[in-house]
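Take this structure, written in structure tokens, and hold onto it; I'll ask about it next.
Each chain carries a letter (A, B, C and D) given by its place in the written order, and its residues are counted from 1.
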Amino acid sequence: MNRSATPVHSANVPVKDFLKTSYQTVRQFSHFLCEPLSREDYVVQSMPDASPTKWHLAHTSWFFETFVLSKEVPKYRSINPQFNYLFNSYYVQIGDRFSRPDRGLLSRPTVDEVYAYRRYVDEHMIDFVERSDESTLRRILPVMELGLNHEQQHQELILTDIKHMLSTNPLSPIYKNLAASTAPGRQVPLKWHSFVAGVRQIGHTGPGFAFDNESPRHKVYLQDFRIASRLVTNGEFVNFINDRAYSRQELWLSDGAKTVEEKGWGAPAYWHNIDGQWKIFTLHGLVDLDPNEPVCHVSYFEADAYARWAGARLPTESEWEVASEDSELKGHFAEEGIFHPRGMNEQSAAGINQMFGDVWEWTQSPYTAYPGFRPAEGAIGEYNGKFMCNQLILRGGSCATSSSHIRRTYRNFFPAEARWQFTGIRLAND
Amino acid sequence: MNRSATPVHSANVPVKDFLKTSYQTVRQFSHFLCEPLSREDYVVQSMPDASPTKWHLAHTSWFFETFVLSKEVPKYRSINPQFNYLFNSYYVQIGDRFSRPDRGLLSRPTVDEVYAYRRYVDEHMIDFVERSDESTLRRILPVMELGLNHEQQHQELILTDIKHMLSTNPLSPIYKNLAASTAPGRQVPLKWHSFVAGVRQIGHTGPGFAFDNESPRHKVYLQDFRIASRLVTNGEFVNFINDRAYSRQELWLSDGAKTVEEKGWGAPAYWHNIDGQWKIFTLHGLVDLDPNEPVCHVSYFEADAYARWAGARLPTESEWEVASEDSELKGHFAEEGIFHPRGMNEQSAAGINQMFGDVWEWTQSPYTAYPGFRPAEGAIGEYNGKFMCNQLILRGGSCATSSSHIRRTYRNFFPAEARWQFTGIRLAND
Amino acid sequence: MNRSATPVHSANVPVKDFLKTSYQTVRQFSHFLCEPLSREDYVVQSMPDASPTKWHLAHTSWFFETFVLSKEVPKYRSINPQFNYLFNSYYVQIGDRFSRPDRGLLSRPTVDEVYAYRRYVDEHMIDFVERSDESTLRRILPVMELGLNHEQQHQELILTDIKHMLSTNPLSPIYKNLAASTAPGRQVPLKWHSFVAGVRQIGHTGPGFAFDNESPRHKVYLQDFRIASRLVTNGEFVNFINDRAYSRQELWLSDGAKTVEEKGWGAPAYWHNIDGQWKIFTLHGLVDLDPNEPVCHVSYFEADAYARWAGARLPTESEWEVASEDSELKGHFAEEGIFHPRGMNEQSAAGINQMFGDVWEWTQSPYTAYPGFRPAEGAIGEYNGKFMCNQLILRGGSCATSSSHIRRTYRNFFPAEARWQFTGIRLAND
Amino acid sequence: MNRSATPVHSANVPVKDFLKTSYQTVRQFSHFLCEPLSREDYVVQSMPDASPTKWHLAHTSWFFETFVLSKEVPKYRSINPQFNYLFNSYYVQIGDRFSRPDRGLLSRPTVDEVYAYRRYVDEHMIDFVERSDESTLRRILPVMELGLNHEQQHQELILTDIKHMLSTNPLSPIYKNLAASTAPGRQVPLKWHSFVAGVRQIGHTGPGFAFDNESPRHKVYLQDFRIASRLVTNGEFVNFINDRAYSRQELWLSDGAKTVEEKGWGAPAYWHNIDGQWKIFTLHGLVDLDPNEPVCHVSYFEADAYARWAGARLPTESEWEVASEDSELKGHFAEEGIFHPRGMNEQSAAGINQMFGDVWEWTQSPYTAYPGFRPAEGAIGEYNGKFMCNQLILRGGSCATSSSHIRRTYRNFFPAEARWQFTGIRLAND
């Protein structure tokens, strides 16, 4: 199975071919991710931030139904009109929604019914694409690209939500065994790469797809800065822990110290100290900590405190984007099927490594609108804009992100205390 | 299938026969109740008070494993030692337990694995009974009877928990369709039955099984009292609602008025006013309110306020038990497979009707120890005694109780705000 | 100052004289209790269960204004009509009330304004009594007695609330220094007094005042029981603590174990272990624990667990009342001005000691209506009846109760987790 | 009394003179603000964000004691060593602190004792300044300026906290009557002032005092923008309300819509709709809404939604600071003693009006570190830096700010839901 067909159209492919191929590839990748699951695994919601797998599968179908089929196919009838209520996530202009933290209460529709819903939507979508002429297809291309990128985002959430759910189970269930051939990482020294001050440009422009929050491309003034040649590793983070840093309040933001105390944090999420040895719960089960792997599942508070402890700081998103221009858009992504960050295996690149894939990199930049930002008209405009408050920008994608989904200008965002994404640390300095 | 074999031994049956038959009958009834469920239905925990069906099936097996097999069968090995952690409910003397409100987080063990666990325990139990001599069987008879009655209690909880879970689903799923032959009730006038003051006796005595909290039988002094000839009906409760009783604080206990306000109650649980018509969510789906059915799913607060509004009061548990001596131990129980209270269908009995089955009847008696109460030694002693605080006694069993499970002396108990059991109202007066 | 004039009328005193004397005595005792307070002490509400002293002083005046002056004196005008909103405690039939947990937000009316309000009410009350004829006075005698007993209840609350408030202050402020002459207690062995089974009578009857919840006097059947000759002491309770009893869940009610864990209890309220020594915060400041003093500020949960640990149980309220008939109504009460329980200072009485005063004694009886209980008509009927749920009966009065306020039949009631009253333990047994 | 002596030193004044004068002026202004208070008003804490006046008076003294006297005066002894625990706000490097939300529990030290503490600190401070030589004074000048600016910040908090506290009282107490001569505002049309794109500089530099978070001065790139000539008025905000904007979720940030629903907001804080008329609670009591006054006590969420409704946006802090360079640092400040924003009373300025004073102006800029920001060493470094998360920048000062306290570069910060400061709205646009 070719899992990496990009959901973003490029000019030299016929639109119809592109739409059919990318639609089928992206939709099938959702099913591929669910193969290891038991029926019961699809149902559980282990925290309000997470959703049952079943819900992700249905919601991504609802998206195509609502924003394509209902608008473009006059005779289209939903398989069940109440699904519009159950599977709307947060589009208030579409109508009322089922309470988000209660998604785990819904035993019905069953998993089989959800797959039937997916097939029903898929058949109508393919049929609609088949029957449409070039001008229609060009018109709906943006919303199709959005829907496919949207499904890719939920594919990442399926993985992070399943990981969180399995982690609450004392049986430490394994999602999928790790291929025996996966090599461990090597220790690599951290170097600094310097950039000189000046007016630079960041943000998306040009013909390809991007989310609205990546635009418009605009000028920013950057001071001199330096950025680290690689991610912070587990081994380095153990040093931070061993230096009693979690209890040294002077290293933490005020809200961070409060969060550490309330939640009793003393290590990243999914770390377990068992008889003095660090173990990490992964999608391959509970494994020994590898000191050369990038540290993962840290909150912004922990990333910020680590940087302060290390005499550095986190990069701004502008700095990160400018620095990323020296790196190829390559890395360890979801298509590899490993779903865990990997240590560096060669000192290789004289350049900046691990910018893409492995872990999302916390920046110190709050999530705000770019100057001149305009969300789309109508419900689609709720996609990104209304969340621009009390969140931080993360960059670069993770081992749970599809490589075909990422861009240099891609802006992910989470609250400062979130740890359930594959989130890690890259240092910067003045 | 004979569903009603009593789990209480009587003298003229060989112990081995009784144990085998009653064990198999009771265990199979659990499976019978699960037949209508989808795999997904087994997993969900819709509130902290409820448990997933999967958990009930495992916990009742754990009970026999812990209190019989582990003690009586030296070579017995659990199918999975961690099940002792996952499926212990509240026996602190047995060891640590998985957090109760988090039972719905556990997708594993799967439903298949739980059924395998049941089969494993069943095989060992039957084998153990087969191999044991008469004196062993007589020795373990009390804990066997306790285990079977315990499973019957969880059978009732399976029904009430599934009902609650399905009720949270906007699709109003049907657990099981109602047999077409079920006749509606008739309107029957309420009469009063009088009892004269004096020293009476209540509580269990004699050779049969009873829970420890029903003993010892002891004297009480009762004043003159009267008790109603039947349960309060939906129609009568609608009058209470229409008289704006939910907002007339002078009718309510102080904690009751607070609860009504906090929870926004304006009708019993599972009642829905749709376009001016009352509908009731049942295990047969959403149905029209039948005014002659006993009102059900009311809290103690509502039962108490209704009684005050009606110029009456609730009976004490002593009054109820004394009054019940005039009634046969008959009624609408779980074995009927209807799982919903039923209206009276004849004016029949000149006596006191509906004392058993249909709905648990709130008494005004807090749940306390009988004089001279002694809980059993060891962990089994935690079964009842440690809950004697801030709960009220209910009597008579419900449409979700097995008839073979109930007794005149049976003491059920719930907190004043609980509405998810099949709970109703019988009036008393001075 | 004569602090102990009873607020309960006896037949051989002219009603007018009785009313004037008792009114003035009781009202002045409130002021006596406030003498040691700073202006700032009157304002603070240290928990939702407590009220600012200022509020108690105003509310008790509001009671006379609402239930006497407003009804009996046609031209009476309140000093401020909004006080009816601010100082109504819980009488829903009187109208809306200011939110109880927010009483500490009210800096106004100031303390001076509250005293002015008291003077205003007092002048109108005395004037009204002076001007009224015998028949009017006889008619209002019950509500006057209620108002005076009500003020005495709030006097006790002033003390317990001030104690709680001062205890939250790291400066450990002293309410009032203890007189140097107060002698410490002596160690006295605990003996058991036996009572034989039979029908007995409990509850109030006869011409004097009692709260409605003490009536009607009625028959109860008591089994054989024994009751302890004295209260449990601090020294005995230290043994309970040293036996690790707070963490032995098998000694506790289920709700009790949960409360102990949630609140982190390891000793009675106001106990502090400082460098291995027990200190107790009292209204005289922080003092060394006296092992012979009655243990105080324990919850029902702790009293119940202590009794179980000691191989005994708590008495029922019927047992307590029957046992109390052998004791004189004497003890250490608020009029002594010590406001702390005292150790026994002689082996004296061969009988049952410390039944009255020192500490309220938890019984195992939930607070319920006596058979035939009828609350008064109208708002006054809310005084006691609506609280008959999820509370336990306490008997005998405390060192913060006026001796003129107590009776053998007196029923105090608090939730199982309350520790801020002067509450202690007397054991019983079968 | 001259209330406006600046707490910021300028080169041509002898340091000793400056320190004595500014210290005494600033400290006395705290007392001036307390003159209208009753003793009881000093004690209450009406929400966790607020502190009792008594606490502000003590904490600002503790600041001088801790950061000046304890370090500079070897023999200095605190009046009470426990005050270091009670009156430390959040300096973790100084030691443990009394729980912030519990400050209202402390009736002691009394108000008199707090004033005695202030006098004690003042005497030692003045004595220390008198006795010190020029080089010592120059060395401590920065911390003295910080202490004085710190006290000015708490003066503003005294006003906002007292306002909040009085507002919870149904008696609507008046802090201070408004001078009869205060003229109402006039309606003035809103105009837009344009700025062209380019590299600009913001932030503090130069010899005078500024908080650490205002530095370093640095370059930013601004796009073309426009800024409104005046603040949004009450009348304009009433139009927003009347357009049902509070319930139109598409106008709100996601967190904003959630907050509006949870808190039941339908108007700014302190607004009351009484019989269809808007009244506003002010420090002069409850007054009629003046449509020409700047709207005040709105959260960031409301400011943001208003801007979206008006087809505009909020300015960034860089835009605000650049735009402010055209305005004189003049406006309605605390020294006027009015403590309420005022309407414009002339169309006067062709320029940008009301940039300073009246209300703090929400910007769309999250509170982050300026590039190159370095907090001070030691506990003083906790002053600002550790709060750089989940807060928004406000600019320009308010009617409760001292004019001698404000600067163009001044950065105030509050969470998005805060409404208890004097916060208002200025629009911007692209």
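The working rule: a residue touches a chain if its C-beta (ideal position, glycine included) is under 8 Å from a C-beta of that chain, and two chains touch if they have at least 3 such contacts.
All of these numbers come straight from a predicted model, not from anything done at the bench.
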item	value
Minimum number of chain-to-chain touching steps separating chain B from chain D	2
Chain separated most widely from chain D, comparing mean CA positions	B
Cα-centroid distance, chain A relative to chain C, in whole angstrom	61
Gap in Å, rounded to a whole number, between the CA centres of chain D and chain C	47
Chain A and chain D, separation of their C-alpha mean positions in angstrom	39
Of all residues in chain B, the ones touching two or more other chains	none
Overall pattern in which the protein chains touch one another (line/ring/star/complete/other)	ring
Residue ranges of chain A in contact with chain B within the complex	38-44, 46, 54, 80, 82, 85-86, 98, 102, 104-111, 165-166, 168-171, 173
Interface residues, chain C side, partner chain B - complex	90, 92-93, 197, 199, 218-221, 223, 249-250, 252-257, 300-301, 313, 364-366, 368-369, 371-372, 382, 386-390, 416, 430
